[in-house]
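One structure is given below, represented as C-alpha cells, and several questions about it will come after.
Think of it as A, B, C, D and E in the order they're written, each chain with its own count starting at 1.
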Amino acid sequence: MSEDFEPNIVAFLCNWCSYAGADLAGTSRIHYPANIKVIRVMCSGRVNPLYVMNALQQGADGVLVSGCHPGDCHYMEGNYYARRRLGIFKDLLEFVGVDPRRFHMSWVSASEGHKWKEVVEKTVEDVRAAGPFEGFRRRQIDW
Amino acid sequence: MDLEQLRKTAAEVVAKDDVKYLIGWKKGTYGYRVSPVFIENEADTEDLIFSPLCTANLVTYLTLVEKPPLPRGQKPDTRKVALMVKGCDSRAVAQILVEKGIEREQIIVIGCPCPGVIDVNLLVAKYPEVAENTELKWSGEDFVLIRGGEEIPVKREEVLAEKCRLCRYPNPVVSDIMIGEPVKPWQTEEDTGVSELEGKNVAERWEYWEEQFARCIRCYSCRNVCPLCYCEDCILDRLNPTWINRAVNFSENTAFHIARAFHLAGRCVECGECERVCPVKIPLGRLNRKLAREVRDNYGFEPGLDPDGKPFQASYKPDDPEDFIL
Amino acid sequence: MSAMLLNKDKWPEFVGKLSGKVWVPKVEEGEAIRFGPLSGEESKLPEYCNTRVPPKEIVFPETETLYCFQADEHEMTAPEIDERKIIIGIRPCDARAMKIVEKLFRWDVDDPYYLKHRELVTLVGLACNAPGLNCFCTSVGGGPASTEGLDIIMFDLEDRYLLETITEKGEALLKEVEGLLEEAGQDVLAQKEKLIEAAENKISRSVDTEGIAEGLPGLWEDPLWKRVSASCLGCGTCTYLCPTCHCFDIQDETEGFEARRYRTWDSCMFEEYTRHASGHNPRPTRRERTRNRINHKYSYYVDKFDLIACVGCGRCINYCPVNIDIVEILRQVKEAL
Amino acid sequence: MKTSENPYIPYLATIENAWYETGGERCIKTFKVVIDDKEVRENWNHCPGQSAMIGVLGVGESMISISASPTEGRFLRFSVMRMGKVTQALHQLDPGDKMTIRGPYGNGFPLEEWEGKHILTIGGGIGQAPLRPIIEYVKAKQDLYAGLTMIYGARTSGDLCFKDEFTEMSKCDDLSCHLTIDIEEEGWEHNVGFVPQMLLDLNPSPENKIAITCGPPIMIRFVLENLKKLGFADEQIYTTLENRMKCGIGKCGRCNVGNLYVCKDGPVFCYSVLKNVPEAFA
Amino acid sequence: MTDKPRIGLYVCHCGINISATVDVDAVAKYAQNLPNVHVARTYSYMCSEPGQALIKKDIREQGLNRVIVASCSPRMHEKTFRKAVQEEGLNPYFLEIANIREQCSWVHEDMTEGTAKAKKLVASAVAKVRLLEPLESTEVDAEPAALIIGAGIAGIQAALDIADAGFKVYLVEKSPSIGGRMAQLDKTFPTLDCSACILTPKMVDCASHPNIELLTYAKVEEVDGFVGNFTIKVRKKARYVDVDKCTGCGECAKACRLANRITSEFDEGMGKRSAIYMPFPQAVPAKYTIDPENCLMLTRGKCGKGPKCEEACQAGAINFEQQDEIVEFKVGAIIVATGFDTFDASRKPEYGYSNYPNVITGMEMERLVSSSGPTGGDIKVFNGEEEIVPKEIAFIKCVGSRDASVGNEYCSRVCCMYTAKQAHLLREKIPDAKIRVYYIDVRAFGKGYEEFYDRVRRENVRYIRGNPSEIFKRGKKLVVKVEDTLTATPLEDEVDMVVLAVGLEPRADMREVMDLLRLSQSGDKFFMEAHPKLRPVDTATDGVFLAGCCQGPKDIPDTVAQAKGAAASAMVPLASGKVTINAQVATVNEATCRGCGYCVSVCPYSAIELVTVNRFGHELEVARVNEALCKGCGSCSSVCLSDSIQPKSFRDRQILPQIAALGGTR
C-alpha cells in the first residue's frame, strides 16, 4: 500500500445536525483532512444504504453517514431508521468482505464542530489504513 | 402425509365458485423433478403430491401473476387462489401479508407440515437420477426411494436440504386448512455455511465472494424465484436511475447481490429457493441467512411469523444496537 | 483429414503447446459450471457431461464492449478482437449451436464482433460417450459425435483420446502438436463407431419435429401456452444457458471521463425485453413470452434459416427451477397440431 | 474498425435546427440534422418509411422513423416524443449539438410500385411522422401519382405535428388535407371526432388507392376495420409497426412480430402480410 | 424553450475567506469543462448586490436555466440566491449551492487540497443541478394565533406584544401563577427598581388582555402540524379549586391542617406554605391551588373529619373531584420561553451548601432580602447554633459557571451584577457588615453596570480576586479558604454567612419541550437558535421561536429585548396570514408503487396514506403524499424497496450522479 495514499471518502450528512455541525467546524476554523466530501441530505433517514454501496462502487474508498443524536432528529425518528438500516447493511458489507473500516456512521449535533473533526479524522485514518478499494470499482473492469 | 386427504381437500377447495385455482406440486417430467401445478378442476387434483421432493416455494406465484391492461369494461378475476405451503413457505405468506402484497381473504392456505425436503444435488450424487420419474417418500425419520418397484432406504442426513437442517418452523405458521398432523420440530444444526465464513477475515471473505459473484450470469432466477422479490419494476435492473449497470462483471454482480440481500434483510424467510435455483451454484443462502441471523440476534426480530407484525426495515427500537456508531 | 491418438498422459504437454488461449471446462463448487482459460494446473479434462453455462460465452461474451468513447467527446473506438482461442472439450451440440447462430450473425449485415470471435476460435470437440438424461440432440439434427461447427472432434477412449480433424483450422492445430500424437489405426476407428452407437442408444429423450415449424403459428391461441407457462418464473436460466439463444441488449455506461456502449445478453423471458418506453408491452405475460421462445426456436428460425435453433443439449430442462421441459412442451405442441 | 465496417458504430450528425411540435409531458420535438461526414452524407439514401437509430453517446439509441423525404434535400428529420431515458436525452439537444445516427434501416414504402395511384394517408398523433415523408415525396413528384389525401388527427390541436405545413398543403389542388381532433376546442375550424370515424365520413372510394395508416394501436385497429368496410383490399392497405429495438440490424432479437423482424422486414408492412401475423397488433 | 440545462456557475472569493485556501479561478476554469456548464465566473462577494446582479444578467443574456453558487453553506445564502434567480424568472429550485467555505476553505489549510476538493464539490453540484426539477411552492392560510410556552418575563412580554398587535395568544405556564423567576427577585440591577413593582402590572395586563388566554398550571402535551397550522394539546392540571368561584381570600390556606408546614418553592425553600396555596401574594391568577403531593385529602383520601379548606371556603370553590382538562387549539407560531434552572450548589460539595445553613445561594439571598420574603426582609441566618444577623459576609462568584468541572463552561452573565446588587442591599440593611466578594473576573458590560459596580465598591464592599477552594466550619464561623491571586496570599476568611452566586442552567425538564418541538441543544445545552448571530430567535423548526434564558443566560433587559424580537418574528406568518409550505416534498410514482405501506409506517408526520387506484382495470393500493404535511425528510424513500417514493430535489436520480461525481476521478 502506498504511503501517500489519500483516501477518497464520501459523506452523507443530515441537514439539521451533522451538516450544521460541519458548518460550525468551518465557522470555528477547526481544521481537518480534505479527504471527506459531503453530500447534504435532509435527514440521515434519507440515506439509502445502497448509496454506501454505490459510492464504494463509484470510486470512494470509504463512506461516512452522519446524523443527529438519537432523540434529536429534526424529523423525530429518521436517524433511528437510519441506524437500523445502516447497521444491518454494515453487517452485510462486512460479511461480503468489505473492510468494516470503510464505512462509518456517526452522530454529530449542530453544536459539535469538534466532534465532527474527530469523526472525520477517525474515518480518514481508518480508510487510510484499509487502503484503496480497487476491488469493487467499476473502473477496474477492462473495457 | 395422507395424499388421499390432500386430494380430497384440494378437490373441495377447487370446487368452490370463488376459487380460481389451487397451486400445488405434481410429479415432474423426469427423474426426481417435481413441478408446480395450477389446478382448476377437481379431476386434476389426482395429480397432487407432497413429498420430500417438493422443494419449490409456491408462494412466489401469488405475486408473479401479471396484471396486463384489461379491455375496457372487463372486470379483473378476483377469485381466491389456494396454495399448498410447507412451514418455510408459510412464513413467506406471513411476510407478504405484512407488506400488503396480498390480501388475506384472497388466498386459501393449505398447510402441509413438513418433515424436511431434500437437496436434489445431494440426492443425485448419491442416487443418480434416471429418466423415469422417481418417487421419494418420508419413512419414519428417513426417506425411501421408489424406483422400478424397488424401495431403497435413504438416510435423512445424507440428502436433507441445508435449509431444512436449520429449519425451526417445519409447521406452517399461517394456514386455513392443515393437512395431517403437525411434525415435531427437530434439533437444528449449526449453520456451518455462515459460521465458516464468519471465521475468516474480511480479506478472505472478499476473496470467497469474489469467486462466487464473478460466476453470476445475472439470469435473475434468484430474484424471480424469491417469494418476497415481487416489485413489478425491480430497481436492480432499472435504468433511470441506474443503481446497477446491466453489464455482467464482478463489480456489478457484487452490487447486485449486496443489494438483493439487503432488500431481503428482515424479510427473508430462509426458504432457500434463491440458492436452489441458481444455475451457477452461488451459495446465496449464506448471505440471506447471515442477515437473518443478525436481525434475529441483534434486533430480536424474525420475519414471517406474525402477519400483523411490523416490517423490520420500517420500524425501529430506541435501543437498537449502535455500538458501530462513532 | 487425419485421425490421431493422444495418450492422456501427454495432456498437459498437448495443451501447453497450442498457440492461443486454451479454454477448458472448469470445476467450481464440485461441478463443471463453465469453460475458463487454462490455469496451467490441469492435468486432464474434468469429468463432465456438459458445462452448465455453454461455451457460447467465449465467442459471444455475456458483456461485450461495442466501442469506447470519452464522455462529451465523439470519437468512437471499437476494441480490437485479436486473441486466438482454442476451446477444448466443447460438446458437439454446443459447436453445432455456434454454426446455427452464425447464420443470424451473417444475415444481411455481418456482425463484426461475433464473426471475428468465431474466426479466431478453434473448436476441439469432445464426443459424448455418456449423454445426459435430457439430451435430445439426435432429434434436432445433431448427435453425440456430430462434427458440425467443430474443427477437431475428440473421442474419449479411456486412456487415450482419438482426435479427428474436420477443418483446415483443425489440421493446422494438430500440426502444432504433431510430436505428441500417433496415427490411429482401423481398430480405433471401429472402437469409435461403437462408442457413437452406444452413446446414441443412451439418449432416452426425443422430439418429433415433423410439422412443428409449420404448425406452431397455427397454435397461437392454444390453451397449451397458458398451461406450460403457468409455473414459469420469468427468469433467464433457460435462455442464458441455451447455446443458441443470442438475444442481446445494448447499454451505455459512463465512468468518470470514460464511457462505452456495450452489449449484454438479454432474454425474451424477461418482462422488460419487449416493453415499449410508453409502458405498452406486446408480450405482457409469461404466456406470450414462453410461446415466443418456442416459436422462435422451432418455427421462426426454421422459416428464416431453415434450421431449428435448438441443439437438444437439455440445459433448459436440467436447470429450469420449476421443471419447464421443452421436450414435454413440444410433445404437447405435437399433440395439439 | 471503421464505421463503414462496423454497423454498430454510428455516424455523427449535427443538429441544424430543432423545434417543439407539441407541448406537455410527452412532447414532440423535431430535429433537422445533417450528417457530418461529407461522403456519407452524399451517399445517404433512404426512402420514406425507413428509420434510423439515433442516439446520444453515453445514454443510448432509439429507433426513430425518418420524417424527411429524400426529395427535400441532404438532411434528415426526426420527430421524437419524450418518453424514456434516450428520448429525454435527445430532447436536451439544441442546434449545434451532435447526435449519432445509424441507418437507414428497414424496408420503406414501395413508392415506385404505387406510381399512378392515389395515396391516402391516415395518421394519428406522432404516427404522422413516418407518413410525412410520403406526403413530401408525393408532393415533390405530383405527376407520378393520381393524388394525395391526408387524414390526420390528434387528441387536441396542440398535439398535432407539422401544423404549419398542412396549412400550406391545403392550398394545393391535387392534395387534400383533413384534420381532426378528439375534443371540441375554441377556434378550431376543422373536424372534431376520432380518425377512424372521419375516414368513414369522408367515404373514399378504394379505386386505384393505396391507404397507409400509422398511429396508436387502438386507432390502427379501427382504421383497418373501417378501410375494410369501405371496400379496400388487403393489398391496398399498409401500415408501419413499431417495436422495441436495440441493434436495428436483425441481431438483437427483440423486435420480431411472429417470424418478421420489424427492423429488417419492416417497419412497413402490407396488411395482406400482417393479417396472418397474430402478434402484429398485440 | 429548451430541455437542455444551461448552467451558470459562480465561484465566490468571499473576500479572502475562500480564495485564501481555494484557487477560485482554477475552480471556475475546471467547471467550464463540465457538462452543460455554460458560464463559469468568479466574484469577490457573490451575495452582494453586484454579485447577484451578475447572475441575473447572465440568466437574462445567456439564457441560463440552472445556477450554481460555490460559496458559503447553503444554510447561509441558499434563500438569497433562490430569490435572486427567481427575480429573473427562473424557478428558485434550479439553484444549487456548493459549500466551499464552511466545509472547504475554512477547514483546510493546503491550497492544493482545498482547490481539489472545491472542484469535486462543484462537480457534484453540477451533476445534481442538471437533474433538478422545477418546484412550485404552495401557500396555506396561517392561524392568526400564537402559543407561548412559559410565562416568565420573556413569555409575558412576548404575549403582550403579540396580543397588542391583535392576535390571539395562548400563554401556557407550568406553575399555578405566571411571573416566573423575576417575581422571586427583590430589586433589579443596576437601577434598583423593585422587581415585583415593574413586573406585576405586566402580569395583570396579561390576565386582563382580551387576546390572551392564560393556561396556568398547565402543560403542552402535543404539537402537531407545521408553521401556520400547529395543533396544540394542553393539559390543564386539576387545581381542585374552581377558579371561577375562588376569590383568593386565603381563608382556606389559613384553615389547612398543613398550614405553614410545607416548603415554599417560591421562597426557595426558606419559607412555608399550606397544602392549598397561592405561590405569592401578587400571583396571577390570584387563585388557590391544592398541592396534590401534600394535601392529606388527595394523598390519603381523608383529612381529619373533613377537609378544613372546604369548610373555610365561603365560595364553595374547593372540588376534590376535579379532573385534568385537555384543551385543544390551533396556532400559527410558537414561542418557547421556558427559562432556566439555577445551578444546584450541592454539586460543589467543597462549599458546604448542603452542610451549613449559613451558606446560601444568590436566589435564596433574593428571598431573604425581600420584604415579602420569609423573614420580611430581615437578614437573619442560622449558623448551626443560633439565629444571627451576619456581620461578616462573603460572596463567591462563578459558582457553577465558567467551571468545566461541573460541565458549564459558559458565563451565566447575571451573577456579577446580582452579587453587586445584593452586596449593596446588604450594606443598606446591615451598615456595619464586612462584605467581601471573591471573584475570578468582574463582568459589568451592560448599560449602567460598570457604574453600579463602582458604586458598590465605594460602599466598602471588598472585591478579592480568588476562587475559594473550600469552606469549612471553625467554631461559630465559616472559614473561606482562598488564595488572593493578585497578591498571591493564602487567606482563611472567617465569616458569618456565605452567598454563592450560582449560575444559570438549562432547565432539567427541557427534554420534553425539545421532543415536542424538534428543537436541538447547543453546546451549552440551552436551546439552539437557527443562527447565533443572524437568526438568534429562530429555531430549525419553522414557526418556532426562542425567548429568554431557555436560549442562554441573560439579564432582564436582554430577555425582554429578545422576547420582543421573538414576538415580532412570530407575528410574520400571523400578520401575512399565509405560510409557504415546503416544496421539496415526497412524490410517489404510482406506476411502480407496490402499496406495501413501508413509507406509511416510517413517516413521522402521517403525511402518507394508501389509496386505491385503478391501474388498467385492476384495483391496486398505492401510496399518496399529503404535501401539506410532508416535510421532505426522505425517510420514506430509503425504506421503499421499489424506489417509488422520492423527495423532490433529493431523488435517487439526483443523488446518485452526485456520488458518481465525488467518487469518480473526473
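Heads up, the rule we're going with is that a contact is a pair of C-beta atoms (placed from the backbone, for glycine too) under 8 Å apart; a residue touches a chain by one contact, two chains touch by 3 or more.
Values in this document were obtained by computation on a predicted structure and should not be read as measured data.
The fewest steps needed to get from subunit C to subunit D, moving only between touching chains, is 1. Closest to the middle of the protein, by Cα centroid, lies chain A.
Greatest centre-to-centre distance from subunit B is found for E, with centres as Cα means. Counting C-beta pairs in contact, the chain pair with the highest total is A-E.
Taking each chain's centre as the mean of its CA atoms, E is the chain most distant from subunit C.
The distance from the centre of subunit A to the centre of subunit E, with each centre set as the mean of the Cα atoms, comes to 30 Å. With each centre defined as the average position of its C-alpha atoms, the distance from subunit C to subunit E rounds to 73 Å. Between the Cα centres of subunit A and subunit D there is a gap of 52 Å. For the pair subunit A and subunit C, the distance between C-alpha centroids works out to 46 Å. Chain contacts: subunit C has residues 71-72, 249, 251, 253, 255-256, 262 touching two or more partner chains. Annotation for subunit B: residues 68-69, 239-240, 242-243, 245, 247, 249, 313-315 touch two or more other chains. Annotation for subunit D: residues touching 2 or more other chains are 84. Those residues of subunit B lying in contact with subunit E across their complex are 67-72, 74-76, 99-101, 230-235, 238, 240-243, 263, 310-311, 313-315. Across the interface of their complex, subunit C is touched by residues 1, 3, 5-10, 12, 57-62, 83-84, 86-87, 98, 100, 217, 242-244, 246-247, 249-254, 256-259, 264, 278-279, 282 of subunit D. The touching residues of subunit A, counted against subunit E in their complex, run 8, 10, 15-17, 19-20, 22-23, 25-27, 29-34, 37-43, 45-49, 51, 54-55, 57-60, 68, 71-78, 81-82, 85, 109-112, 117, 139. Within the complex, the subunit A residues that touch subunit B are 49-50, 53-54, 57, 70-71, 77, 80-81, 83-85, 87-100, 104-107, 118-119, 122-123, 135-138, 140-141. Contacts from subunit D toward subunit E in the complex involve residues 20, 29, 82, 88, 91-94, 97.
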